[in-house]
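Take a look at these structures.
In the two complexes that follow, subunit A is the common piece, with subunit B as its partner first and subunit C second.
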Partner chain A sequence: MFRPIFSIAGTTIGEAIRRKVLLVILLIGAFLLILAPSLGILSARSETTVLKGMMLGVIQLTSAVIAIVLTVYMIPNEIERRTIYTILSKPVQRWQFLVGKYLGAVGALGLMMALMGLLMVLMFRFEMGMTSVSDLSDLLKAPLMYFVQMSILASVAVAFSTFVTPLVNFFLSGSIYLIGSLFNPFFETIQSSPNTPAVAKGFATLVNAILPNFANYNVQNPIINPGQEIHNEGSYYMMATVYGVFYILIALIVGILVFDRREV
Partner chain B sequence: MAQERRKPTPLIVALVVCLFAQGSIQAGYLFKSWKQNFAPKSNVADFSGVNPDMYLFALAGFREMIAGILWVRADTFFDNGNYDAILPIIRLVTLLDPHEIDVFATGMWHIGYNFTDEEQRSDRRYIPSALALGKEGCAENPQTYELFFETGWLWYHKIDDDYDKAVYWFNLAQTKPDMIPARKNLLAMAYQRDGDPVKGLDTYLSLYKTAADVASKDAAFGNRQNRDTLENNVDTTLVRLVQRGFIAETKHEPLTDYDVSPPFDVGFSVKATVIEPRRINFEGTWNVLPVGTRIRVVLKDEDFPNSEPAGMKWDATDSVSLDPPKDTTFMQDQLFVKNRRFSHKVDMSKDPTMYPFKSPSYVLEFYYNPRSAPPHIQDKFSWNGEGMTDKNFLHTDIRPGQKVVYWKVPLTRDQLLRRGAYAMDGGTVPVVKTPGYKDSTKTYEKDNTIIEIPSLRAGAK
Partner chain C sequence: MAAAIETKQLTKSYRSRHAGIINVVDHLDLHVEEGEIFGFLGPNGAGKTTTIKMLLGIIYPDAGEGYVLGKEIGDMDVHRLISYLPERPYYYEHMTGPEILKFYGSLFGINDTAKFQALLEKVNLHRDVTKTIAQYSKGMQQRIGLAQSLINDPKLLFLDEPTGGLDPIAHREIRDLILSFRDEGRTVFISSHELSEVELICDRVAIINKGIIERQGTLVELLKGGRIEITVDGVSEQFLRDLKQTDANVRTLPIGLLFDVTEEADANAIIDAVRNAKGTIKSVVPRRKRLEDLFVETVTSKPKQPATSGAV
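Up next, the complex of A and B:
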């Protein structure tokens, strides 16, 4: 059952790595990471703070663009090039094809994010002289959470790619990412405001429970500004990952349901 | 392609289960934990100075990145001397990333110190905002001593009055585990300036005990230096407590042979002349010969908001305003005493935004508080003015618990702007002076003026 999935995933990773547009985005990200230390000369602490913020921001932004660009073309391209017929004529189920494609995309995304994370660590080690292993490994907590965040984003884009065009999907997935990132702060405001009607609060709770909450993975602030006390940090990361897995399953199931019914 | 279609029921069931599971995790755990640990505390509606693209980025989770870019931009403005542009950026950065401690500290200093007139007098209308920024920074970063210390320092050094507030903030800073040992000494000094040298001594003793303990375990130069400094501070405070008669006074013994007795009459007198529109010349007497006396002079609207004698309620607000009320006037300067006299011109004509003179009535105040005096003068006056008197202007009600010299006189806008009956061409020259003021023909402005430095005690006899 899993063999075709892994086979498709492996092929997808190879295709993704060969795609020039993704490599260009990755190169821009890497270029910004290398350039970041020369942006400003501040006090030692400010410089580290600003640099961490910039580098994590660059990784997150680049990863989001890669995740969307990588996935929006995934199914439509296969249909357009008619390669899907060759694959589905073999003993491969549609759900296996979709899951394989998704896992391939996430694998390629993970490789690219790992490269950027490694580059960031190297910059801090050699450019900023950060020698503490624990400090350097702390830096990687945020990219790890971003990886879960981008995996959710990729699953949403894959689900959309089963029934919308790439261009529409690009904006649709981007909007979902934006709204999902914004909703936690807005939800907090709505919940804490005494003037909000109970119906609005109920509706907001419903939306909060359905929307993918990308803000859960924006954990960079305590890494950028060390010294803040994070309660049950390990549990939070674990639960956020479990939440991510559930959301990825939701998006993939929706994708499978639609793809199953699509005339190809 | 013709493929066998599966029944969707199991998938729909799985979908419902997953939806329920993720919703439960989000509502039951993640949101609460996110709110506690990662939620931005600032109101997104406050980012009014951010470009739309930056606003969007900031909202989408790139707050720290935008904060960093803005802070780098602010640094270039510092280098170029474009100070006006820095303030809104500082405010934005603190809203975007309220854990940027350096930005809060720099912002407080910048707001409190760097807005000055042509003669380098600070615009004190900004100080409530500087304090509000400090309070906000403390609330956002309660884990570190830094902003508590910086807020205390603003009270101690810039406001240079109301030392109980400096004591309050330094005490809070002291409770933080990362407080730097050398900075802890300031609490003892703040206690002394607050008129409570015994608590100052207790603080020194407590710090000395810790420092001696640290130095005995690790004889590094810094540890030994801190211990020795504290030992010296303890010695000095003990000597002062005795010499200034503080210990005798607490034992209700006569103060006959102590430095503070008899109280020294400072003989304050002043004449203020509005020589030109918005320009005032101050001349006067202060019988203290040793250098180091600075008498505070304040000119402010009669109805200045939150006004207090020779000042204002500095921490009356909790909101950071980058625009102090443009229609209020508050000028504060110091009159430096040399050879028992002072002479100083204050020119407010070049800074109409800082001194708009919109109010019809003003009050001119003169104020001397021995708590702010340097130690060699405090040796005579003591911490609360026990060794100081003035036959005309000594007050004990202006600042409860201490003797201060204070005089105030009203002025009108016409007088200050030389209008109407006070016009420059033939009108009366506005002059206000204390009773008993005598003009002196002596000048002390030559470079070769010799300053004699007998002790205040000798001068009193």
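Up next, the complex of A and C:
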């Protein structure tokens, strides 16, 4: 049952890491990471603080663009190039195909994010002289949570790619990412405020339940500002990951249900 | 002989913004026997690829039944026994031939390097194992497509335009491969526009037009008849007037008169009459009916109404 999934995932990774557009985005991200130390001196704040914020921001933004660009074309391309027909005419179920493509996308995304994470650590080790292994590994906590965040984003884009065009998907997934990252606290405030009308409260609850809470994974503040901390850090990361896996499963199930009846 | 493919009233329709509901495949009754090469012919948009996709379970029929190797279409067990080569296939360009075979083999749980090597030899790609698909010519891509379609040792192969856009050498190579499939006992279902090719290799054909099967049968049955062309010289006006009694078409050529008849008896009557009139018979050329003639005649004639039951 899983063999075709892993084969499709492996092939998807092989293809994704050769896609020029993704490599260009990755190179821009890497270039900005290398350039960051020289930009850090422009700020009056502590150089390390600024640099951490800047580098984590570059990794997060680059990863989000890669996640969307990688996934929006995934299913439409397979249909347009007829690769899907040679695969689905073999003993491969549609859900296996979709899950394989998703895992391949996440695998490729993971590789690219790992490269950026490694580059960031190398910059801190050799440019900023950070020698403590604990400090260096702390830096990687944020990219790890970003990876969960991007995996959710990829699952949303893959689900959309089963029924909307790549261009619509690009804007749809991008908007969901922005709303889920920036407006989640706003919806939570509406929900909890005693003065909010019931209709607005209901709407906020609905939006909050449907949209993925990407803000859960923006854990850079305690890393950038050593004074801040997350209470029960381990448990928080664990719960955020469980929430992410749950959301990914839901998104993929929706995608599978749509894709299963779709005429390709 | 058992049926490799059997459809009963298989129908697929789409909703068009301008024309409402269109039956792309309309009450299709198809019968393909095991071990034969079956040609599925039709003009562009006739419903050939839609039919193949339904038989493969890639799209779903709106009505009717279909059976492939005795099982209902879409049955996953059948997918282990069939294979499909789409028109102008695309394979992941970064892969080499052996990697393509390994990938498609893995979908069946097959990881047999010796088998992959034997398949590459069969399609004559064993000397190009380091080339990626991006470096392959069209003919090579089609051959690797055929190799991947043989990975599971299929009983039934669906080939959609297998020789489309290939040069004459590649044509011959693919044709020989398809003929070898029949020798190995496989059933081959070919959708094609290359009528001369189909005529050379197919045992039976069906012609589909606007979603409806117009003709179906063996080539011998369908191409029965033909014409006989007789060129004569030295006959009088009176002779021509007398000849009006036969069904011959007559054309004047610089070398004489050309009589075009469909019946042997008419040809004999004309030859006797020319001899009696002291004319000269310059040539008698039997023209066999070609698949192209049948195809053009079929698709340009008024379309049939869909059959509601029984075979076409």
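Going forward, the second predicted complex is superposed on the first by the 251 of 264 C-alpha atoms of A that agree within 3 Å, B and C clash if a C-alpha of one lies under 4 Å from a C-alpha of the other, contacts with A are read in each partner's own complex, and residues count from 1 in each chain.
Here, contacts are C-beta pairs under 8 Å (C-beta built on N, C-alpha and C of every residue); 3 or more make two chains touch, one makes a residue touch a chain.
Given the structure is predicted, the values throughout are model-derived calculations rather than measurements.
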First, second, both or neither for A:Arg81, with subunit B first and subunit C second: second
Which partner, subunit B or subunit C, touches more subunit A residues: B
First (subunit B), second (subunit C), both or neither touched by A:Glu15: second
Which of subunit B and subunit C A:Ser7 touches, first, second, both or neither: second
Touched partner set for A:Ala105, first subunit B, second subunit C, both or neither: neither
First, second, both or neither for A:Ala142, with subunit B first and subunit C second: neither
Which of subunit B and subunit C A:Thr49 touches, first, second, both or neither: first
Contacts of A:Gln93 with subunit B and subunit C, given as first, second, both or neither: both
Partner chain in contact with A:Ile230 - subunit B first, subunit C second, else both or neither: first
Overlap of subunit C and subunit B interfaces on subunit A (superposed complexes): 85, 88-89, 93, 261, 264
Parts of subunit A lying in touch with subunit C, wherever the complex brings them together: 3-4, 7, 10-11, 14-15, 18, 81-83, 85-93, 261, 263-264
Residue ranges of subunit B touching subunit A (in the complex, touch as defined): 1, 3, 5-6, 8, 11-12, 14-15, 18-19, 21-23, 25-27, 29-31, 33-40, 44, 56, 59-69, 71-72, 75-76, 97, 99-103, 141, 143-144, 178
Interfacial residue positions of subunit C with respect to subunit A in the complex: 53, 56-60, 76-77, 79-80, 82-92, 94-95, 103-104, 106-109, 145, 148-149, 152, 158
In the complex, subunit A residues that touch subunit B: 39-43, 45-46, 49-54, 56-58, 60-61, 84-85, 88-89, 93-94, 177-178, 181-182, 184-185, 187-189, 205, 208-210, 213-216, 218-222, 224-225, 227-233, 235-236, 239-240, 242-243, 246-247, 249-250, 253-254, 256-257, 260-261, 264
